[in-house]
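Shared chain: subunit A. Partners: subunit B in the first complex, subunit C in the second.
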Partner chain A sequence: MSPVADRALVWGISLYLHLARNRFLSLLAYRANFWTGVVIYLVYFGSYYYLWKAVFEAGGESLGKLTFPQMAAYLGAGWMGRAFWFNNLDREIAREVREGSLALQLIRPYNYLGARVVEALGEGFFRFVFYALPGLFLAALLASFPLPASPWQWGAFLAALLIGFLVNSLLNCLFGLLSFFFLRNEGFLWAKRVAVDVLSGVFLPLDLYPGFLRPLLASLPFSLISYFPNRAFAGLLSPSEFLRETVLGLSWMAILTLGLALLWDRARRRLVVQGG
Partner chain B sequence: MSGTGGESFAASPKGGIHRRHLLYYPSLALHYLAMEVKCRLAYRADFWAGLISDLFHHASTLVVLLVLFSHIPHIKGWNREEMLFIYGYFLLPFSLFLTTSANYWEFSDRYVVKGELDRLLIRPLPVLFQLMLEEIELEAFFGFPVGVALMAYSASRLGLAWGALDFLALGILVLAGTLLYHGVFLLLASLAFWAEGKTGLMPLVWNLNAYGRYPIEIYRGGLRFLLTWVLPLAFVGFIPAASFLRPRDWAPLAALTLPVSLAFFGLGLLGWRAGLRRYRGTGS
Partner chain C sequence: MPGDDQPAIDARGLTKEFRKHVSRPGLGGALLDLFSRRYEMVRAVDGIDLLVQRGETVGYVGPNGAGKSTTIKMLTGILVPTSGHLRVNGMVPWRERARFARTIGVVFGQRSQLWWDLAVQETFRLLQKIYRLPESVYRERLEELTATLGLSDLLATPVRHLSLGQRMRCELAAALLHDPPLLFLDEPSIGLDVMAKAQLRRFLRRLNRERGTTVILATHDMGDVEAVCQRAVVINQGKILYDGSVERLRSLRAGTTTLEEAVRALYAAAGREK
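Now for the complex of A and B:
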């Protein structure tokens, strides 16, 4: 690589790192909300924790292949992980398309979608560090479920969480860009949000669905968002299963990126800047 | 229509209804509704997508319940049909509340900080009435027929016999539950008069609403006490629903639904009026 290209690459990477860092720093202003933030996540977690507790009491020691402590760990990871991967990229992109401010974004020297995803990463990182991790430790204490025992298990959880974040963000970009074609597409965004909540396994591990649905649901990209990191956290994945899920995740990321590139190309040509 | 005096007719030029007429507010509410329908139908595909996704959302909760009950016979003694009945009941006050509460979420930003409240204050209508109806959430209302269908299905499976009195009680309890929600969130929205900017309390309480739709027995002592007496969300869903299923156990408690709801709505109104008196508009 020539020194010039080399410097361009370094410049490019540091640009995106700066975008992520800026979003993170701007959110630090909200750290006074720390306790309400943590409590909100605990309340979320609690509503499902008690339901599942009653379910396991009725179902005996285990349900499917899960024991109750494993289920509690799964739920904890699910709700706290959601703090990291959940973002409003779809809405933000849709708004910028609708309001026409996207035109200004397009002349900036970065990849618009890349910049949005990196900013969302900074935001997710903020929520994860300030709300989710403390929430996770508190939940583990209150609900007495085991935290990952080994550094490898923590690493697997974090790696899976990152894949989940990227898959979810790519999906969000895809659905946000649909507003190029529909102008007002909140309905589609709602449908997508519901699909993510149900099919990603936040509420319900996919193992508990009827047998014929399981393989289908497990191969959809949604399963990577929550089902994958939650199982990694609860220690339900063998190394080979972890590897298989990672490959699935990378494949879906490639497919979604390709789809996004095609859609972006067509969308740019359709751009209508309203108002004047 | 009384037709005396021309000065206090509703805005509609043809055949307005007098302010003191019983139907004055309902007819205005219908106007607000018609306005919202027209706005939403301008983007038809989006409206239908929103509606379908809302139905899908209810379906998803049902999927969770049905999948759970494919593994276990009952939760704390409540079987599948009873749980569906409770959830169906919960949807009635919940959807009525959601339909008329969209502006509580925007209240701090849109009405207090940006000063849109000024616009409502200069109109000859109760401010709260305008606030509730300015942004009607049409899709949310479809939870109502879904809830009715769920209740009808499980009531027939359970062989519940309903008389006219039960329907009357149902109507009163559902309206009371809606008022209770309105009281709680009106109070929280009114906090914006004192603390501008987000307090984070509203999403916190919002997340608690999931606790009202499951049997209260699944919660431990402290939490159960909180949900029954401090922030009585159990009165919106579980307690009144259970009184139809097992009247002997739950009817005495369910009888408190109306007084508790009125008390909370009154509290919300007090906070709201105190806040309105404090409001001084925005600087710009």
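Now for the complex of A and C:
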């Protein structure tokens, strides 16, 4: 790499770290959210835990290939993982388009969507440290499901979680950008949010969907958001399966990034800055 | 910087059209709108020519909805023009947006570019990274702006606790941290009290005099124009009505003595011609 490109890269990384840090600091300004955040996710987890407990007690030792402790670990990782990857990037982008504050983003010499994703990562880190990790240990304690046994299993879980986060954030950018074309798309974003929760496997593992749907859902990007890290956490992935999912994740990230670049280009020409 | 010999702004036939949704009247109309929407094209900026040399101070004047903001947004690379030729600092603003953005500063009176939840200095730190300012350059520049704008007590304050006047001073510093040769201000004095307005105007004059910064000031406050600008461009309904010195504008029509009256007479005359 040339020295100039080298220096640009260093500046870029330091800028992105700083953006993530600022988001982290902004969230710390509202500390009261912390406890409500943890409690809400524990309640979500608890209700699904007891629901599945009843199902397993009625149905026997295992469901599909899953035992109950595996199911509990899957749900724990699912809900606590959601505390990490969930963000309102789509709504924030839509709001910036609608209220015209996007104008201020466009006078800055950086990549708007890149900066947004990095900020979301700062938020994700905050959510991970303050919601997801304490939530996960509390849930494991209360529901007595096994935590990953090996460093490799922890590593696989964290790597899968990061891939899921990036896929989700790219999807959010894509849906947020659609507001360039609709201007009011709350209903649309709401539908997307529910679709992500259902199709990503937060509520139930994709293995339990009917046969013809399973391979389809497993190859969609949504499955990477939750189904993938949850299985890594619960020890349901062999190394070759982990590798295959990682490749699928990287491919979807490339496709989504390309789609975003095209959409961004079209959207910019249609931008109308409302008010002021 | 490269392109010092080029004009700051060179626009010819600059035009921006928007598609505007037209609602049909009544409930039946609203239902019809669900299935087929009707649009009409609105020409917000209609073929304007504008040549600004480096170091000029230009007041861009017009009533609400005249196309002022739309022009500024094309000049700053935010909006893509529908047609026309446009070079600002020798670049096509929207096409070379990131590179171009390093050469301009922008202040919007109605929007803030500061991080709402963080202390003012956090925004400046971030801007240092965004504009890739070496530590020594950044410190020197910040010190200078802190002194001229009186920011020393504000740096550690969260933005949400600032008064409007204090915030505007911080916005100016944020827009000028990277020392751009060209500064755009869109209605910067809206809502400011008399003291804050006077301070803003003094600062802009000094900036232009001492650093040679080109200042484009979009406003409908004639006081701003009189205090800061040598040249005035008056726009209404997307077309330029007047382009020349502030001095000449004042005495353009017999019987007008203030700039305010002169501009009003200009709008009225343009209205009659239509």
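Just a few scattered comments:
We take it that the second predicted complex is superposed on the first by the 269 of 276 C-alpha atoms of A that agree within 3 Å, B and C clash if a C-alpha of one lies under 4 Å from a C-alpha of the other, contacts with A are read in each partner's own complex, and residues count from 1 in each chain.
We take it that contacts are C-beta pairs under 8 Å (C-beta built on N, C-alpha and C of every residue); 3 or more make two chains touch, one makes a residue touch a chain.
Keep in mind the model is a prediction, meaning the values are calculated, not measured.
Partners subunit B and subunit C, once the complexes are superposed on subunit A, both fit on it without clashing. Shared-chain residue A:A103: touches subunit C; no touch with subunit B. In the superposed model, A:A191 lies in contact with subunit B only, and not with subunit C.
Panel annotation: after superposition on the shared chain A, the angle at the CA centre of subunit A between subunit B and subunit C (CA centres) reads 90 degrees, nearest 10.
Contacts of A:A29 after superposition on the shared chain: subunit C is touched, whereas subunit B is not. Looking at the shared chain after the overlay, A:V55 reaches subunit B, while subunit C stays out of its contact range.
In the superposition on chain A, contact of A:F203 is made with subunit B only, not with subunit C. Looking at the superposed arrangement, the partner reaching more residues of subunit A, out of subunit B and subunit C, is B. Minimum Cα separation between subunit B and subunit C in the superposed model: 5 Å.
Comparing which residues of subunit A touch subunit B with which touch subunit C, the overlap is empty.
Those residues of subunit C that touch subunit A in the complex are listed here as 18, 69, 73, 76-80, 94, 97-102, 104, 106, 108-113, 115, 117-118, 122, 125-126, 129-132, 158, 186-187. Chain contact summary for the complex, subunit A toward subunit B: residues 33, 36-37, 39-40, 43-44, 46-47, 50-51, 53-55, 57-59, 63-64, 182-188, 190-191, 193-195, 197-198, 203-204, 208-210.
Subunit B makes touch with subunit A in their complex at residues 43, 45-54, 56-57, 60, 63-64, 67-68, 70-76, 198-201, 203-204, 207-208, 210-211, 214-215, 217-220, 223. Here subunit A touches subunit C in the complex through residues 11, 14-15, 18-19, 22, 25-26, 29-30, 100-101, 103-104, 106-111, 268-269, 271-273, 275-276, going by the rule given at the top.
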